[in-house]
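By letter and in written order, the chains are A, B, C and D; residue numbering begins at 1 in each of them.
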């Protein structure tokens, strides 16, 4: 597929994800971690405008000079911006305005991409595709939160079905032997800067579960009082449980004594065989401790990943998000992409049911704060 | 006008106010004091449904049982409700859903009002009209905040013009002589419970300004360093100024060294002759102190009101919002209308340019916390 | 008694109050409203030094120039100061340092007062006495909080006994007839500026209870579920009850099913006949509402006070703390004494068992925020 | 030295550290991270009483049953406790009470230790010694904060002199070659559970500075605008700088244009040759980034430590505090010692001038949140 078609594909997929929404659903921001869908639509467009069209496209006219203020996410280099908590307070630009903005930028991009491109520009375009794919996943997670926290529990799409994953043999553990392993991206394709510098790590022998923990198994933890016994938790996790009165994964509701979960197709009885989802790192750790097991490190995960099926939910690891040996930031605004977040966050590995096709790979490093649950997160155990 | 036409009039006016809005403008809640316009549309409808149709209309079927949870404002008697800060987090019901809800209830109300009504019900219907008129004013103030705090400063209606007020003779003070005055509602028409129990108060002689303070006069206070000199302020007001870095009325913007104000028709150079608007009680007090004057009490205001023009902006008084002698709350939910707010709020008298026609009277008591500015508030001086 | 003896008396009484304390008790500040006893000792001394010795005593040398920063309470005119929440973070100056500071200032004051004094200075000295007496009362209330919130419940003085009050005839109400009453200070003695400008008010006829509500009566409110029924409460009071999980007056403890109260002589079974104490305005209002009665206004209180016994606990009124007609602030720092607090506070009338002898009078106006309870506050009812 | 003498030594050193304090200095808690010295005195005593005397000493009578509530730090297993922010609100038990408590427990311990001890008990006693040594270091850091944040800047001891460290050759870097290294405690002596499980790690070749960054070098960072340029900082660090208006290390004061630092002997001109101290991880990282270098990982540090001098300040590493392979918690309360803190903290290696003699070793892992500065923390660079 040529670069123009790739561009169109990525851009259309974003709009396809928003297709089932009502105008109002594009606007709200129920918690700070969630962005309004219309903001994602604008921000991904701003990214192409700011980092490609404005510096490289001859005579490009910015669509609206005030949009830089509205759609900049966190790039300090590029100037001031709407503070994150205010994204849901903006009724303007309207959804229609933003679709017009997208059309304007798409037009310019398609023209621009039809020319010969310098290698440096090609790299940025590829980064733009991957950036938009990341926001596609965020769109799904944010939409789920917006609808799933509405007291009316509206479905996103009554016909939505989760992709099915391979059948599981529940207690299987895979044994990996002690030795030196190579970690980090290898090859010619795209990767993010945080995957770079393939390097050696020494791993002790370990075992890792072939399957993710499922809802039935997690329910047993709840029923055994797991959320009421401090011994399973980090001190900070235990404070989080008590301050926020946490007693189950996000989107679980106990209705008339029966557990339900909110899904993209609406509120449904808990699917016991599905892998547990929407749990924080604190919960993943507590569950593992309760089982007498632990979470794998991100290095163990990468070493073992060829031997199990992954991609159902992002999997919490025990590793803090830190730079690989020799990590360096690009200069300028693009250098703000990953490096400045390498503190007090925890790595997730794998992918999830809402990850864009082709966007996942074995060396991919996702990362979130330890209390966050609105992503499609799961648990794989190690020992 | 018969009661059915009155009902239609009130209801249509609410929708007329919302007419210039985009769908997105109906949804957001930039500060806790502001409610999304769609919430006002739903809540005023819920009021008629809950307090009139459900208890009194034969065989009335509630439109949607979950709407009680969504549109109850603060009536503890009527059950649980969306917490106030969450109103702007709800994308559903959509704007269209709510207009359908309005139509359904309007239909039932028109049928119901065509019958003979008991006196008790007539009173409630009248309360419903006045309640909706209060929300009409809130709609204007909330819409102004929603648009006026958007970085794009979209106009509400480019052709909006403020009603004009009578010509002023700026330094005129009206002298009222010492004695006993009667305060509180008299007559047959509608009034709120907080105006009831006409009673005597003893007033010392005082003088009260014939005109409101205008922007030019207020600008002199700013230019004299009024916001930087603690001596003009209450201790609590001074903390408020410093914590919130307040330096001018709400909606004032200093752009390239020139003062502008956001109005319903967009951002405009400051109108020096307009009465100053969107100031807190703290600011009104500080301004009066700086002038060596004071604010009138609500009793002084009521005694003097026949002798000056009012209705341009609500006017801060020096009076705390407290019950009149013999005040009693109605039983049931309607009793929650006013009484439970009679603490730590300050009385405003008069009306504003966005008060509904026929909704104001000399005994009307409005009230807000001392730090709030998004209402159309102004300053009249006394000595 | 001459002015030198008066001075010595006042100063000695302050130290006598602190006599039973351990050094550590002088230091802590468990809540922002409480000041460490050593701060009171220093601040009252600073008051005489700053407002009398420094401006009027020839060649007076300030004891330590840094003490102005440490012991200024809220006088913006006099310069920067330790923020209020930090008072309990200061281990220095030590208690002994502060007693030396007192001795130094006392010495200078006694010399200074032995000279002929200008009328203006005499007034300030009198204000200093009354200021110190106010801090004597605060010392008692703050000491009670410091010891009463320690998990070991140490007594202040095992032999402390409350002054006894006159015998009560419980249901007596005193009837006051409608008419014009004069309110405010009259006479030659000392009064605070907030009592000045004796003026007329018009009162409807009312009845006021001869006695304060006692613990047995208040317990009936608790046992009737008074803290769990929103109908008795202001909206803001109800939020306060829920956010702070309030279920009884301050210092009440339910131990093994029996109510106890912390007193100056330690933890004791609840004294049912004592007047209820340490309740907020919100609770006083809720209790009155539950009884189908109300609190008196401060004007009703002052008009009726000659006919009942008062002085056991400060009594919450229904009146907001506002200036009397014609109130003006003194110029300079002394003008900050009262006026700048005249917003969002509620008036208490009477006095309490820990008020200094001779410090109370019928026109005295005390005032606190509506949620505060650490003062010796009580309830008198009206109808 | 026999175990009884060791016990006496450790206990006496704690009291020796407190010797220069005034009673008031023992009481206050200016920030949540600081504990009042009297709390440390009581808590270390409670540790011996709770974990040794009560379970193992025949007929031991607890000194005061309420002290468990007062002096438990964070052991959930052992019951409720004073919340951490309340430690500075307790005037009782007094300092003298606590010294009596120490004497009582010391008496019982000396008797108990004179008997034959089981191996399990010996281990606990050794843990008690090391625990008390950790609190000795905390005593120094907390005392410095208590006195250094007092506006009077009282010295702890005017004759205090920092231990001197070896002469430095400033730009020296030590090169360590690529390969497998063994990390973790080896030997028979005492170590904490977080050092256990010596294991292999693979390190790339790296260079590490022979010396710590000194004040002159750090000053250059400040003078180059290091605190005002977001590019050097983590996103979370940049927020921290802006929210807290951070512009220099803790205890630095710019007075009349000259930099000063608070030291144990009082406020002094900045010592340019001393290693920079009292900086957060955020600052250490920003400084390294500004220099175009980085911080070492804790594994690099441990591999290189035999080749440089350390012990002047605790050194921030780039490593998150995580369990070593095979880490397991002891059962019961002692298991809460370290494991539950292994999230969102960063490792420091080395020791500081206030570390107790004999308490440091090459495998020791200290850890704090990334924003904390009151410890004696420094910077060693790597590349």
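Everything that follows uses one rule, which is that contacts are C-beta pairs under 8 Å (C-beta built on N, C-alpha and C of every residue); 3 or more make two chains touch, one makes a residue touch a chain.
Which chain is which protein? Per UniProt: A, B, C, D = Ergothioneine biosynthesis protein EgtB.
From a predicted model like this one, the values you see are computed outputs, not experimental measurements.
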Fewest touching-chain hops separating chain B from chain D: 2
Chain located farthest away, centre of chain A as origin (C-alpha): C
Between chain A and chain D, centroid-to-centroid distance (C-alpha), Å: 37
Separation of chain A from chain C, taking each centre as the mean of its C-alpha atoms, in whole Å: 57
Centroid spacing, where centroids are CA-atom means, of chain C and chain D in whole angstrom: 44
Chains touching one another, given as label pairs in label order: A-B, A-D, B-C, C-D
Chain A-facing residues of chain D, complex: 74, 76-77, 180, 199-202, 204, 206, 230-231, 233-238, 281-282, 285, 294, 318-320, 322-323, 325-326, 340-344, 346, 370
Residue numbers on chain C that touch chain D, as the complex places them: 22-30, 38, 66, 69-70, 82, 86, 88-95, 146-147, 149-152, 154
